[in-house]
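Working notes, structure below.
Should a chain be cited, it is by its letter among A, B, C and D, assigned in written order, with residues numbered from 1 in that chain.
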């Protein structure tokens, strides 16, 4: 494979008296100088974010951190109650649930927005996408919410926070075009949900669609640590376990090979 | 660290036309010759089990595989519903729960049995242990069950299966001595639970206490794959999630820093 | 969703003096009666395997357990050296690597074999598949091996073990038809690799393609426990860590946004 | 268990048009208002950090994010190369390595500092601890570094960043007392390492010792996402795998049962 890049790393090196991350001195240029969010952007993207980019990433990560007793949280609490000596395993188990069902819609929406932004006629492309998804009865990523109706309250907030910053604005515009096309094509208002809003604002700060899952993982890790601390103070795992058992009745021998 | 053993492996090597595991040819000596249980023992312990050892390990692993909707299973189902494309992650999340609370008692009981076996007067040592645990109100690993009363039905079965084999029998004897001592010292019958029984029979086939958790992990992996297959056919994750949410009420602002 | 099956479980229930798994008494009908492999099949498939099915599943799992210092093993050893108190997390981390790259080929091959078996003219379908994959330069799952040339020694062994049993034989025949078609269409001999052989024999015992990853996970769990035990006796993790660092040079500032 | 607190949650609730986290409106009071670091502190600790607390937490998390090709990173890269479709599993596998060996020293040091702070004569308690550890030849958590000699360059930076803030300063003072006692009792200068410095500054902002591992997990998650992005652009996993294999020679049949 002649054209596969040689293994190398651009991330970190060290000497006996210094540590460098992305060629900056950890001690002299990073600790005490960057916020966590700036450092995360720098680590992942290879360049320091602008203040606008940092504020938008902060908003997205604040919005991604906590969603109540989600499947992730349930997994984390189950593992924590079984293995309190390894907090990190409990977080890891919960993070395994940050998969296609949850963040896949963010990724899918980001790809649609890229597609609309790249099209010569963005409005036409948005209508075309809405028409296709409707015809094929596919779930449109970034749209619809089973609880928050008529509108997911987070989405306008994400867009408002981003719009007050100096950003290109093309992905936000693409999302709004798509939203209008959807309402028209489907003949009714369908909310842009939080994953749609986050997809748009993360694309505005250059986060590619295939890194977005990583952003969700980082934010979720903090959410899960909060639940572990609460589980320690107010153990709920046992009750969740009982509730799980009670909710799924035993039905005898399987009627046929599933 | 002059006396740390040099890194090396005794497990596996290969050439262009052969694969060796523990110096046996995988193709000529293992596939089609050993059962999974024999191979697992061979892989972990470095020697083929006798037929007696194999049957006892089979019994222990059959007993460890499945326990209903345990925290492990709940974690696995939560991850699987969120990320169906990565079955292995769902199993991994569930296995993270095979920790101190569940298998710690097996390990703790095994260590007590080793202690009793090594003592010059085993019956005296068993009484001493029972007395100590009672005085310090510590949970005696391998004893007691909140559901199975007066007796855990699995324990006599494990011991019976093992006793019909040609084994040393010292750890089973130690468990029985400890059980008698416990009943006497506590002044009432306390059941030897399944983890106690498994600890004894795994020690009879030379599994050290610190490998037992691994045996539970292997058996549990099979149990969890069964639950994933059922989750696919009869999705229960959503109901479990709802049940979890309903079971843990929101209580407003925390009254004080936890 | 009116037609979604009601949540329920067919796997396990218990009373104060009995535990049932798939409607059989764990104590009276399973422990001491079934081998681990029989129990795993029963747990996952809902029915006891025949002796032929059990022997084939044993052969497949023996073949899947251990492959030397694979990425899975490296991950497990890294976690174990960092967190020796949670053996289960180290196994879990390694199992996360039993993903598309490793077991995806087994699944992909199984689907091709199902396709060939279902075709009215199996030989024609096999040729068609080989022609398509060649034309589109796609990797043909179950074929080719970078080390074992001209032939993967495991494959004929898997097939031989299966053929001596009373099985339908249609998936093995499909694999052989596909192998012949491949050699003809590509104009050279391409070995059927071990994952191809395992896919065929697991289909012969009714394991669906989407459960195969689970079979690999179970077998691999045992392999990883063996490596953890060795890591404890002969720590190699530190050396692997150093070798990893030495093998990936630091290349300075990234030349451009990756 | 009459005195076990009732299961409940103080973390999150929602209505059809609002989401509350720790009783604040996510949309109106958190998104666009708090930085990630402030939100993480709020989620975990239940109260908003002061600006001083936020800056110190930022400094600690910036310092914890990235340490080169650590065991965590190696595990993550191994899983990612095997299962690129599940980025979250690769992060999870790496986080499983944030265990006792790595963060145990931070926790251990934090407990010593609490002990010194609580003592009537802190200097005397520091000397007593140093004397005890030396006599029992135990590793003193937070002290010593195999690479960074004579001093870990991060430690003074962490302390300097914290000292310019309005904080109680008692844990930093305790660390310095312990450092002086160590040099005196051991008769030579032993550096306070980065985990010691982080332990002190995290205690200054009220993070309890048993939450510190969670802080490390969050910061590390960001580090690992950076490595996954690099692995995608410059695949190094294969080379690491080869290096691992080459570094651990096969040594034949094990000389004795390990």
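Everything that follows uses one rule, which is that contacts are C-beta pairs under 8 Å (C-beta built on N, C-alpha and C of every residue); 3 or more make two chains touch, one makes a residue touch a chain.
Everything numeric in this text was worked out from a predicted model, so none of it was measured.
*Asks:* Quick one: point me to the chain whose Cα centre is farthest from that of chain C.
*Replies:* Between chain C and every other chain, the largest centroid distance is to D.
*Asks:* Could you compare the number of C-beta pairs in contact for A-D with that for C-D and name the larger?
*Replies:* Pair with the higher count of C-beta contacts: A-D.
*Asks:* Please tell me the distance, in whole Å, between the geometric centres of chain A and chain C computed from their C-alpha atoms.
*Replies:* About 31 Å separates the centre of chain A from that of chain C.
*Asks:* Report the inter-chain centroid distance for chain A and chain D in whole angstrom, where each centroid is the mean of the CA atoms.
*Replies:* 24
*Asks:* In angstrom, rounded to a whole number, how far apart do the mean CA points of chain C and chain D lie?
*Replies:* 37
*Asks:* Which chain A residues reach two or more other chains?
*Replies:* Counting only residues that touch two or more other chains, chain A contributes 7-10, 12-13, 68-69, 83, 85-86, 88-89, 92-93, 96-99, 229-230, 232-234, 236, 239-240, 247-248, 258.
*Asks:* Which part of chain A faces chain C closely enough to touch in the complex?
*Replies:* Listed in rising order, the residues are 7-10, 12-13, 22-23, 45-47, 83, 85-86, 88-89, 92-93, 96, 206, 247-254, 257-258.
*Asks:* Any idea which chain C residues touch chain B in the complex?
*Replies:* Chain C reaches chain B through residues 4-14, 16-19, 21, 26-28, 30-32, 34-37, 39-40, 43-44, 55, 57-59, 61-63, 65-69, 86-89, 91-93, 95-99, 103, 147-149, 151, 153-154, 157-158, 160-161, 210-211, 213-215, 217-219, 221-223, 225-230, 232-236, 238-240.
*Asks:* So in the complex, the part of chain C that touches chain D is made up of which residues?
*Replies:* 68-72, 74-75, 78-79, 81-86, 89-90, 92-94, 96-102, 229-230, 232-234, 236-237, 239-248, 258
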